[in-house]
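When the chains are written out, they are named A, B, C, D, E and F in that same order, and each has its own residue count from 1.
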């Protein structure tokens, strides 16, 4: 039995008097891709922020490799890649500078890979353009380049495909599969139709909601 | 609209006509400034009150006058660019700003230097000085706004609006400052009332003023020509021009 | 008959213009009320200056009384200036400014309403609070009327001029300061006439001239500034 | 000629420092306004020429 | 022959020395849905902003009902609905207040329709929640409610389906078709796979780009 | 042997900490440089006060000389305070703050580097510019040294304290003013010691005591404030 990377026990979250989910239990093992589904406002983003440790607006227990997350924060954070609604791209910096800063925040990343990552997301030639001069999709791509850089085991991706064109989406899907095959785990949400097929597990929040 | 107006609107025509005018103005400027300076420094009589520090006037007054006219030109050119979408006017306006600012700095600096021997301090909050300082700020604002906007057309339009607003305000500023000053500080140092100058004094001053204007014209045309070249870099005539070099 | 129809029509147009003005004004006031910060920022700044100044410079009443008109006016000016940048910025960032510019309604009215809302949240409370500051800075009581009236006439002009600067810099990532540089020189006449009026009030000199001047500037501003603001907004957004 | 000697001329009746400073600044400003555009022109032309060459090569 | 609502002649646009499109000519007649395609950074947003009159960073001619747009601005604006990357929703206002303001900006809209529009986009129950307490998709839905309100002939929609769930997308697609059937025109961009099928005309910007 | 390994390790850790510090500092300075506004905002504000004050209050040299220390210090304080709000806000809005908090690197160092960068763009230029203001306000030249030194020691403390307020309010849509309210009371001791130092310098009294106090506050701030800032940031983002 492969032990769970991330284990969630009896999670409860309420916003504005509305219960988003309660008694939520699931675990993510190495090699798994989990898609959180649910309609707009069902609490996907809220869940992902809780899992990543950004929000402590919940009740329940989250275990990272069988230890409570709060106790292994350091280690958890160095194994985590979080991609939120806000892409975390500074508009006045160039793609290269943005990624360099990200590398400084994550000591496991080597700066040399940045160029190849930018090339892989189709931004060659734009390394030196300030991000506010890039299109919406190009801005997201800068942030997505982190997927190529990161050495993290667990990826938490909140609608990573927003504003990305079809070719880009297909490429990112492949990347996610590869990551899973190499023993990583991915938790993601998206409203795009995925072609990942069988390899992915779905978790629907709509059914879990209270009133 | 007269024909020359439309021709002026053509960058190429403007580039060429400015190229033809430049040497003439340059020679005038050089002769007037050198001659005027020699006259001012060596031959003009010294002032009976201020002695030789008076010779600063030959720099100070031309620069003070020029700084103001330059702003006017900038605003008018900006307005033309804004209303008739004339590119060359935009370029003229853009070129005016750094020249005007440097001249305003010169007026301020010479004024401050002159103040030391006459008033005993580098700076006093006098009406003229204050309004000159504000003029400098207006220039700096236009320059800063222009350089902050990446898109050339947007930058030109924005700066034009700003300089026009400034133009409306200049008389108000001048008036208010003068009035404020007389209210606070009854004429300790009057700049306006001076003994009528003898001709030996004001003729070189006039020479210097004209010299400064010529110098301004030369600088403005050179900057505008550069601007035209850069902005019209896709046009075939610019390519031909470059190939010839 | 014909005459009447035109009248009717023009009345209708008038109504819709007033409705628009009111809708924009209400929205901006509501925004300020919800955000709170915009509502109190200028006020707190104003009070801060009044507190810090005696602490930092000198707490002696005679001294403070002498500088009070100037300090209050400088504080009001800075408070307005600092609140200016946010006038169009949040609208720009969330796309409502685009929607405003694309609406068929007259921009002049919209802009005027926005500036009025801004003034009601900066200049007006400042004016109302001014006597308190006056007391804190030992301004002689003869000066109070002059202080309030001069602020009442002067601060709308500050808002109008400042809005031009805000509109010019709204598209710029490097905005922010620029606005101070652009607007400050234009503020100086208001400052000078304003303080002169208060000083005249304190010393018992005639005031009417100053108020006439402040009023004239305001009138000029109301007529001209919205045009400049509208043009500047269109330019900024298109860039 | 208002001055007896060259040293008189330099001294400007005790105000030499001020007068010469003013004229020096004036010279600096004029030089800035003439040389600045000249340098600018050189740069523009070399920039554009380089671009032209690059485009030629590309096509 | 139905005359063109919007006619574009020989449009040229360049950004940062890169030609996005040149010699672009097309027209949109009543009842047509045009999808602008192209990869990230190909200039779709730029084109839509030019068409809507927000940007004048172009050369060429745009005609609205056979007259240059600049000359019939007022009229054009009252016939236009523009939906951009930024949804134009104030975070501190409630959905209802947001739409009321929009109605004030567009005199042809009657305030009474707002509730039914909010209901149609699935925001019943959220009318009084400040938008910053809504999810990403719910925020977009507030802006999309304008589609139900507007009486405009021409809709220009820049990635309207971002962050919207599948059910929502299907509903919006229907709405677009209905608008076209009723004699309106739609110009849109999206990276979602549309199911509109034959009724829509595609315009690919990638082929039009210069070097 | 064992000892050596530990040394080696701690050296490596040290290096990586320094590297992180440097990377954050560099990025923030670069951001400021690109945006320009953050870079010049406090400076321009500072200059503005120095220009407006004589215009609004009184242009007489003796009067100005007397108030100069206080005015310069109040201006520096306000300039710092006003620039504080933007310290974490843009990071919060574009999601980089989230990324920072999720990084395994020590937050203490990151925060310290950010505050240092902020100071280098507000306090430091103010200090360098202070003599110019001094001249414009006719501060006696004996006071210059004291003015600069007191600003050099005092402004970093202002940045540190202000950053706590900025961190506490960053998640709030209604932030903004709140920060002034939170931070101002904590600023007052710095203001008082700072101006006292300058006044002492002008009158030729001994200065060392004031500087020692300013230095002590700074030391305390460097050790404690980053902890508070880090905790405040985590709380704000989780809200």
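Throughout what follows, a residue touches a chain if its C-beta (ideal position, glycine included) is under 8 Å from a C-beta of that chain, and two chains touch if they have at least 3 such contacts.
Nothing here was measured: the structure is a model prediction, and the numbers come from that model.
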| item | value |
| --- | --- |
| Required steps from chain C to chain D (each step between touching chains, minimum) | 2 |
| Interface numbering overlap (same over half, different under half) for chain C and chain F | same |
| Far-end chain from chain F, centres as C-alpha averages | E |
| Most distant chain from chain D, judged by the mean position of its C-alpha atoms | A |
| Length of the line joining the C-alpha centres of chain C and chain E, rounded to whole Å | 36 |
| Chain centre separation (chain C, chain F; CA means) in Å | 30 |
| Length of the line joining the C-alpha centres of chain A and chain D, rounded to whole Å | 58 |
| Averaged-CA centre spacing for the pair chain C and chain A, given as whole angstrom | 46 |
| Set of chain E residues in contact with two or more other chains | 56-57, 85, 91-92 |
| Multi-partner residues of chain C (each touching 2 or more other chains) | 34-35, 173-175, 178, 181, 184, 188, 192, 238-239 |
| Residues of chain A that touch chain F when the two form their complex | 52-57, 74-75, 77-78, 80, 82, 84-93, 97, 100-102, 104-107, 130 |
| Residues of chain F defined as touching chain C within the complex | 34-38, 40-41, 44-45, 48-49, 51-53, 55-58, 66-67, 69-71, 73-74, 77-78, 81-82, 173-178, 180-181, 184, 188, 191-192, 195 |
| Touching residues on chain C, where the partner in the complex is chain B | 161, 164, 168-169, 171-172, 174-175, 178, 181-182, 184-186, 188-189, 192-193, 196, 199, 217, 220, 224, 228, 231-232, 235-236, 238-239 |
| Interfacial residue positions of chain D with respect to chain B in the complex | 1-3, 9, 12-16, 18-19, 21-23, 25-26, 29-30, 32-34, 36-38, 40-41, 44-45, 47-49, 51-52 |
| Chain F residues touching chain B - in the complex, by the definition given at the top | 36, 51, 54-55, 58-61, 135-136, 138 |
